[in-house]
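The structures considered in this document are given below.
Same chain, two partners: chain A is paired with chain B first, then with chain C.
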Partner chain A sequence: MNYLNYAGEAFLLIPLSAIFLNNICNKRFIEKHFHILTGAVALLQMIAAVFAFYIMDANQMLNFDFSVFGSSKITGIELFDINPVSLVFLFCIGMVAFVSVMISIRTIDVKKGSYVNLLMTLLIGMNGMVMVSDLFSLYVFLDVIGISSFVMIAMFRSRKGLEGSIKYLIISEIASIFILMGLSFISMKTGSLSFKDIGRNLLTNTFELQTILIYAAIILMIAGFSIKAGIVPFHSWLPDAHQSADTSISVLLSGIVIKIAGIYGIYVLTNIFGGIKAYQVSLAGLGIISVVVGALLAACQSHFKRIVAYSSVSQMGYILLGLSTGSTLGIVGAVAHVFSHAAFKSTLFTNAAAIHEQTGTLEIDEMGGLQSRMPVTAFSSTIAFLSTAGIPPFAGFWSKLLIVMALWGSGNQILAGFALCASILTSAYFLRLQKKVFFGKTPEHLSSVTEVTGSIKFAEILLTAVTCIVGVLFPLIIIFLHSRGLI
Partner chain B sequence: MLNFQTIMLFVGFLMIIAGCYCMIRTYHMLKIIIGIEVAMKAVTMFLILAGYMNGHMGLAQAYVITAIVIEVIVAVVFAGVTIGLYKKYGNMDIRNLTELKG
Partner chain C sequence: MATIIYISLAFLLIFCVMAVMSHSLLKSAIYLALASATLGVILYVLGAYWAAVIEVSVCSGLITVIFISAISLSKIKKEEVQKLYSDKKRMWFLPVMLIVVGVALIVLALANDLSLTNTAEKVTEDFREIFWNTRQADIIGQIVTILIGGIAVFVLFRDDEDKK
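Now for the complex of A and B:
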């Protein structure tokens, strides 16, 4: 399994060596070619994920343990571990990072060196988080993600960026306190924090201090990861942080960071405590509130990026609903929705970058009739919106279908009905967005707008192709994975 | 019921409540980071208590050192953002931050 070991180490060592390369080389040289360095790292990550999946499939393996820098295993601290689910997450990370680089070529003019450093740190944090197999390492990588996101939002020192960053920082630190407190409570009973040492067997019926504290730990950790994911009672930082950052950074934050930092944490908790009824009910409750309230709040915003950010809140609710069932179908649906959400949310933020580059504004009331002037942007945003609303045959339809089927199968028919009806709300706010931006009369000051060119157009076409192709081939992919015994 | 562990747990909860009260009550940015730090100290104490209760003190030491390092980095980033805001607004009142509504 030598090759697999290399692939696993590559996820951490390639971004690390890119940081060294970025700081050693001549500054003017690296500022001219920063997109080649970062784009190569993102591409290598996608290739390594596909390659590792191929080798694991050929050898009929379901997980693989490896060490970085020859670290050895001690009690309570486990080795890194890759499995098919983490490979899906790793592929999504590579894809969104690639899109971010494509946008940054046009939008970032200063501080390119800092952008490369922070993006690579963020990649190390996210790759590490989906590969660890104990809760304390998970927390460490979670804070690596958090710290690089705070700095990335505040990077250009505009008023909005600093405000969004400080809001995110305060709320996210409260989440860190909750998560660390929860895992210290778990550690009080077990003495170890690796995933395989903790589980439902901790919850005995005896009335003692440690058992009560484990219930407290579950509540605290759900709350902490929900804050990181922007689930509705804890969502207030999300639109501000995502709106105020540069678009190449908002695509990272909305496209992948909330999913790795929040949803992956909840996925880990589901693997550990998934069978408990109270856990499932609380996830389902948070999920359905998030779906409905996120969609309603998105419908009354007037800034392009705010609408898309609130749409993220709503879609995170769908993923929570999928995880709340605890069944294999629900988890497959949730992971599939992570992938399709990464694709269509990146498309919408790329559209935001294109519109901002060409018109200089993102207030939707000031726009109109851009469809004939920016046909590629209009087409890709329509595809992304259809995928978000769950219209067949795009990728979002299949993942939502799996989630609704899992909900129905687990006996939550009312929740399944609500989740279906919320799709109408999704179409409502996106139809409003489409009508105001792309249809209607063109105002006077936008009459000379032309289509965006270069890397942003390339990213739009690429992501639209991903959404369409995965949507058309989705049943085949599911049948293939089923025949391999992975589902 | 009133043994060492329970007393330390209560002390920790009191510290967390004190930190959260400090965060809610004040409008000064540096006082908010002090509140966060107080709450983080309580969590650090919980980690040590966990090591005492399960008998793995060595592991608890490793956890605590890592947690302290992360805490310091967060404090530094917070101070950096605060200095940026101070240069823009001229004071450290958090009620001035009205650019983002929602």
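Now for the complex of A and C:
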């Protein structure tokens, strides 16, 4: 299993090596070629995820635990662990990081070296979080993600950026405190923070462990991870942080950070506490509120990035609904929605970068008729919107279908109905966005606008292709995974 | 043992509140050091001797020295800081809320008859062994956190070249 060990180590060592390279190379050289270094790291991450998946499938393995830097492995102690779900998350991290790099080529003019350093630490944080097998280690990497994100939002020191970053830091640290308190309570009752030990203890001592402390821990941890994921009513920080950051950073925050820091944490909790009815009800309640309120708030916004940010709040609700069922179908639907959301949300932020680059504004009331002037952006935005709204055959349709089916199958027909109706709301706010930005009469000051070129255009085409291809091939992918016993 | 811990926890709460509520940076740093020292006592009583030593020496000692050095190097005068805060109301509901939460937690602990186990006695492995072979992921995470701290100082506090 040496190859799997190398692949696992690569997720931590490659970004670390990139930080080292970035800081020893000539500054001017890095400023000129920073995108090659960061793009290569993101690509390698995707390749390593696919490679590890291939090896695991070939060896009929459902998980592989390993240690790094050649330290001796102690039997019974798992330091890092990779499994098909963590590999999907790792692939998504690589994909969104690659898109961020593509956008940054056009949007970041200063502090390119710092962007590289921070992107790499963020990658280490996210990769570490999805590979650890212990709740305390998960908390440590969660803080790495939080601090990296804070510095990334604030790095250009604009007034809005600093305000958004301080808001993010304070709320994120409150979430961390909640999670830490939850961990302490679990540790007090179970004597261990390893995922497997807690799950085993819960199975063997169900009545003893379901005490007030375990419930308090669950409430604190759900609240903490919900803050990180921007779930309603803990969402107030998200639109401000996403709007105030550079678009190359917004795409990271909305495309992947909220999923890893928030949703992955809730996924881990679901694996441990998924059998507890109160846990399922809490997730379902938060999920449906988030779906509806996020969509309603998105419909009231006039800033492109705020609409997309509130849309993320709504879509995180769908993922929570999938996880709330506790069934395999629901979890598969939630993980599939993580991937499809990463693809279509990255597309929408790339569109935002393209529009801002060409028009200098993101206020949708100041735009109109850009469809004929920016056809590629308009087309990719339409595909992303259709996928977000769950229109077939795009990736978003299949993941939402699985979530609705899981809800129906678990006896939550009303929630399934609400989730379907909320898709109409999604269509409403995106139709408004499309109409205001791409259709109608072009204002005088935008008459000379042309299509964006270079890396942003490339990212738009690439992501649109991913959304379409995954959408068309989705049933085949599910059949393949099922036949291999991976789901 | 439980009495020492509960008294220490009360002191910890007081020092933390004072660190947040104080208008003087220097006093805040000192209260933070006292909070760390109290935490060190709790860790020692619980039997986590290594953690207690590190808490007292690094968090209470070294970090306080760095804080005080940074404060004495900063150009803001004490009067200016006081002027900055003179028209701002202190939010006294914060310590009140914390005390209520603290009392509630102690009541919860007593009601549930939480036994304080001496976990350190069960550990027989070498310190290095525990640090690297069983908590390796945490160590890597902590190293990266320190790295981000360095990057953050560089990114957020260094004057821009174009401004120069």
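A few comments on the model shown:
By our rule, the second predicted complex is superposed on the first by the 467 of 487 C-alpha atoms of A that agree within 3 Å, B and C clash if a C-alpha of one lies under 4 Å from a C-alpha of the other, contacts with A are read in each partner's own complex, and residues count from 1 in each chain.
Note that in this section a residue touches a chain if its C-beta (ideal position, glycine included) is under 8 Å from a C-beta of that chain, and two chains touch if they have at least 3 such contacts.
Everything numeric in this text was worked out from a predicted model, so none of it was measured.
The superposed arrangement places chain B and chain C in clashing positions on chain A. Contact with both chain B and chain C is seen for A:M188 once the two complexes are overlaid on the shared chain.
In the overlay built on the shared chain, the residue A:S244 is in contact with chain B alone; chain C does not reach it. Of the two partner chains placed by superposition, A:V85 touches none, neither chain B nor chain C.
In the superposition on chain A, A:E173 makes contact with chain B only, while chain C stays out of contact range. Once chain A of one complex is fitted onto chain A of the other, the partner contacts of A:D143 extend to both chain B and chain C. Contacts of A:L329 after superposition: neither chain B nor chain C is touched. In the superposition on chain A, contact is made by A:V151 with both chain B and chain C. In the superposition on chain A, A:R159 makes contact with chain B only, while chain C stays out of contact range.
Of the two partner chains, chain B is the only one that A:R306 touches; chain C does not reach it. Steric collision with chain B, judged by C-alpha atoms after aligning on chain A, is confined to one stretch of chain C among 55-63, 73-81 or 109-117, namely 109-117. In the three-chain superposition model, chain A touches both chain B and chain C at residues 74, 77, 136, 140, 143, 147, 150-151, 154, 157, 188.
Partner chain A is touched in their complex by these residues of chain B: 5-6, 9, 16, 20, 23, 29, 32, 36, 39-40, 43, 46-47, 49-51, 53-56, 59-60, 62-63, 66-67, 70, 73-74, 77-78, 80-82, 84-85, 88, 94, 97, 99-100, 102. If you check the complex, the residues on chain C that touch chain A are 108, 112, 114, 132-138, 140-142, 144-145, 147-149, 151-152, 154-156, 160-162.
Considering their complex, residues 74-77, 136, 140, 143, 146-147, 150-151, 154, 157, 159-160, 162-167, 169-170, 173-174, 176-177, 180-181, 184-185, 187-192, 209-210, 236, 239-240, 243-244, 301, 306 of chain A touch chain B. Interface residues of chain A, counted against chain C in their complex, comprise 12, 19, 67-69, 71-72, 74, 77, 79-80, 110-111, 114, 117-118, 121, 124-125, 128, 132, 134, 136-137, 140-141, 143-144, 147-148, 150-151, 154-155, 157, 188, 211-213.
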